[in-house]
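Two complexes, one shared chain (subunit A), two partners (subunit B, subunit C).
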Partner chain A sequence: MSSFLNIAAVSKRYGDVQALNNVSLEIRENEFFALLGPSGCGKTTLLRALAGLESLDSGVVTLANEDLLSVPANKRPVNLMFQSYALFPHLNVYDNVAYGLRREKLDKAEIEQRVQDVLKTVALIDQKDRRPSQLSGGQKQRVALARAIVKRPKILLLDEPLSALDKKVRSEMQLELKRLQHEAGITFIIVTHDQEEAMSIADRIALMDKGEVVQIATPVEMYSAPKTKFVADFIGTSNLFAGTLGAGTITTQGKTLPTPATALSAGSKAVLVLRPEDISLGAAGTISGTLVSSNFYGGSSLLFVDCGFDQLIKVSCALNQVPPVGSTCHLSWSAADSILLADV
Partner chain B sequence: MLVPNTLGWLRVPLYGVLVFLYLPISVLIFMSFNKSDSPFMWTGFSTKWYSVLVNSPNIMEGFKNTLIVAIATTIISIVLGTLLAIGLARYQKSSALEAVALTPAIFPDLALAIGLLALFTSLHLTLGLHSVIISHALFCMAFVTAIVRGRLSQIDSSLEEAAQDLGDTPVGTFFRITLPSIKPAIIAGGLLAFTLSFDEFVIAFFTDGPSTPTLPIIIYSMVRFGVSPEINALATVVLLISALIVTIAQRNVKVQDQI
Partner chain C sequence: MALAVKSEGRDAIKRRALLSRAVFLVPGLTYITAFMLIPLGFIIAYTFLSRGTYGGIEFIFTTENYTRALDSLYLGVLIKSILIASTTTILAFFIGFPVAYAITKLPTNRQNLMLVLIVLPFWTNFLIRTYAWIVLLNTQGFLNKGLINMGVISQPLELLYKPSAIVLGLLYAYIPLMILPIYSALVRIDPAMKEAAVNLGATPAQAFRQVTLPLALPGVLVGAIFVFVPSVGNFIVPELLGGGKTIMVGNLIRDQFLKARDWPFGSVLALSMVLMLLLLFFIQARVNRRVLGDARA
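The block that comes next holds the complex of A and B.
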């Protein structure tokens, strides 16, 4: 598939802070794309620049091969759903949703039809005469969504759309967003700092750090083949061992662990990444230690084992196999399941 | 232990202060309905002093002048004060500039009055209602600015961005989003400007021309020859108008808080 939105070498600086540093991304049509990263990584700046609310210092952005940056915000075929929702407090739900269509000077019957349709889609038709102050958080979020998609933008930008909702409503809304994206056939770009959210919702993720894109991949690739230590640490839960490579081993904190096949040369600095679910408990193991605590997560538990490293080792364990706290655990894994990354 | 819900002996200062606050005004209103023309002796109920007011061309002229000044002051203060508040909130974030814009509200009247008179004289400007309007707008504007500025800092600045994102022009955004959001503050500020101008004496006394006295100036010149009962009636009318407008302004602020 050819690229739809092409972001090429964009940069933006605020005083001493490099918010975006030479960022390039290609986003495909009808894709659900996530910009993920810790706060201050530049993801929101990039999103606002795409909406036209922020100017860029350099770089080119094209949408369907046409320059986007020279188009003012109110003429871009792009709509933004704000983190605060930014619903107009003096207008009711209907007028909020109709606002953008009225600015397009469409005829009344068409506006009426499209607003009714979108309100039905987000199940808010019964609340159409209410003011935003009379709605719950989830309802406000759906009004904000309806107001943006009713314009039928080529791209819908979502700035932390679910961060103000509690956990249960949030997972329902994640499903809802996926369904809407599928039905509306619109390219969605979502900004989030929540890696679980990005993993469960997006087709592809761009992980950003300090104004730069660190890795662009599907959620599965990002998890199973992280490019750097930062990615391995940010995505999912992992045990990281930094050390020096030997022949098929890594020496870390005075201990030696087996490594998978690698192109890295012996003697170089590297990080061994071990996911909790790749480690198993047994009668004997590569390393052993005392179980310090276990955290219950529904179907499985996460064990914290003290094996003499600076950090506790995290091990995923089925619920009925959790040993008592204080007992000795023997941890083993297949070296091929672990990931070895150069440490820079 | 439950706090007793009776005030006990604290009732004494409470009611004492309330009496202190409202006794003079009560006497004024009471005496304005006195039949006798002695300001000290009650001889029976009458509304004749109110009809004296209505039939006095002098007072009615002053009332008209005061209304012209108050309405013009309100309009100028609303427009300039709102623009200044938006400028301060959105385009020139400087606390020093903000202080400079808001201090006319707390300038001593006398200093402002003398300064304005000196300015008008040095500019060879003739004095009249127009000079009173300029002077009143100068200090009333600061009140409107303060109230609208406060409201602007409460509203979500992404509302305007959202309007533009949905395809509105900057001018359309101002009239459809910004103005409705700050409308209650503009109304409250305008009503405050009206009451401040309506009974303002010191600045009007210095900057008005002799042929167009405002109501407070007329009251002052009448009092110089002793307190007559129609003064009581006139002061009661001024009091009621101010009280009415302050009440409307406060209601309006309450409604605004509910939105």
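The block that comes next holds the complex of A and C.
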């Protein structure tokens, strides 16, 4: 697999803030790639730099082996779907979508054809004479998407594309985006702070923190083999126990828990990561405590158990097995299912 | 039965909500009625009456006031006034727009400072500010003396007492009224708009022309009306800087009431100004709707 978009050692500083610190990424052709991270991690800065709306202090970016950074913003084969959508309020849906093609000086018949096609794809052909102010949030989002993909860019950048939509429309649009990406054969790079969204939509994820890439992996890898405590904490739900390693154990908050096989030496600082679904309830367990509350999530519930740690232990439980609040729970797990990370 | 009581209660709630909103309209409506609509009614009535010998009116119906307004002498004054006010408005746009645009590019605290500086001249008396131009521009004034001393000219230039001096005076007086609404329209434009245009392939110049300019148009129209309306009816600037030779419609109206004592004819002229204003607002509303669509839908 050859790299298509190659981002090598890019940095950007705003005054005292290091927005991007020596970031390197390789993104493959036709990949659905997610830049994930908390707000202020630099993901949007990177996206805007790829679009040419932000300059970089140092580093090299090549697209299909050609220097991208020396191409002016309006000539890049890269289109951005803005978080605010940035639809032109003085133009109707059709003219919004046609705007980019008209700048390419294509002939009228081709513009007409391509705009019609893309409006059919996003199911907005009946709204083509409407102004943006007359559209719903979901419709605006689709116009913004149509306006970007009609240009047939090599890369489509999406800046928090679904954040303004309510949950139900959002999951529909996630499917829609995946379908479109597949059909159009365009490389998608999506910026999001929502780990669930990144996990469900992307082929690969780069998790960023404080201007640096922490881990690049597929969603499954990132969930099952987080590289650092930050990744384990940010991706999915987990129970973290920081402590000192012994022989096959970790001492945390005065208690001793079993650890999986590790290359870390005894006596070093480490974090034990335990996913809620790897813990089971039984007659006896490694740790025990009182059920404080349970949150219902459709198919399963998340139990919060007070086992004498500073934090409540999160346990995933099938709906018909939820014990009454206040009862004693015995928690057990296979040490091999837990993850041990060096604590730096 | 219970249902009927409930629906009555709901109507009462609606009525009360409507009433409480109406209460807030009372001061504004009273003001407009007392100082705008009633006087306007008087003016309209006066236009059909005859002049009194020593001012005032006589209750004799006539349409002669209107036919007189169509006389080429008065029509010429009206056209000249419109020309001078239009020139002022267009110049104000070409000078004011870049200023407003430049201000939006400053850091926020600097923006506020610049806006205060632009409004600052309004804190001085209008008459004094206009007189200052005479001091600057007359044949013995600062400008002419300066140019003669530098050897640029040998004879003083006749800068005052012509239409260009009136335009200059009006432009100076009213350009803040062009800058402020354009500024407020420009700062409201989402910066992502221009970025989106560039991202879609527009050059910065195209992005400006196709996105920024149309979105600022409502502000430009407000500014144009704010400059045109006081310019066209102004009588201080033409009198001081125009030397009385170039009489504008404002001077004419004032003279009809205060010198010629022809109230009915003055009323016709005043009414024509009001009608022109209404026409401008109508055009502005149409263009606004065309530009921004119906935002309420």
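Just so we're on the same page, the second predicted complex is superposed on the first by the 344 of 344 C-alpha atoms of A that agree within 3 Å, B and C clash if a C-alpha of one lies under 4 Å from a C-alpha of the other, contacts with A are read in each partner's own complex, and residues count from 1 in each chain.
By definition in this document, a contact is a pair of C-beta atoms (placed from the backbone, for glycine too) under 8 Å apart; a residue touches a chain by one contact, two chains touch by 3 or more.
Since the structure is predicted, the reported quantities are computational estimates derived from the model, not experimental observations.
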Checklist line | Overlay on subunit A: subunit C relative to subunit B, clash or fit | finding: clash
Margin query: After the superposition on A, what does A:Gln134 contact: first (subunit B), second (subunit C), both or neither?
Written below: second
Next item on the list: Kindly classify A:Phe82 by the partners it touches after superposition: subunit B alone (first), subunit C alone (second), both, or neither?
Entry: both
Next item on the list: Name the contact category of A:Gly298: first (subunit B only), second (subunit C only), both, or neither.
Entry: neither
Notebook entry, point to check: Just subunit B (first), just subunit C (second), both, or neither: which does A:Gly15 touch?
Noted result: neither
Notebook entry, point to check: In the superposed arrangement, does A:Ala51 touch subunit B (first), subunit C (second), both or neither?
Noted result: both
Notebook entry, point to check: Looking at the overlay, what does A:Pro324 touch: subunit B (first), subunit C (second), both, or neither?
Noted result: neither
Margin query: Based on the A-chain superposition described above, do subunit B and subunit C contact any of the same residues on subunit A, and if so which?
Written below: 51-53, 73-75, 79-80, 82, 84, 86, 88-90, 99-100, 103-104, 131, 133, 147, 151
Next item on the list: Going by the contact rule at the top, pick out the subunit A residues touching subunit C in the complex.
Entry: 51-53, 73-75, 78-80, 82-84, 86-90, 92, 99-100, 103-104, 131-134, 147, 151
Note to self: Applying the document's contact rule, which stretches of subunit B touch subunit A when the two form their complex?
What the structure shows: 155-156, 158-159, 161-169, 172, 176-177, 180-181, 259
Notebook entry, point to check: Inside the complex, what are the residues of subunit C that reach subunit A?
Noted result: 190, 192-193, 195-204, 206, 210-211, 214-215, 291-295, 297
Notebook entry, point to check: Any idea which subunit A residues touch subunit B in the complex?
Noted result: 51-53, 73-75, 79-80, 82, 84, 86, 88-90, 99-100, 103-104, 131, 133, 147-148, 151
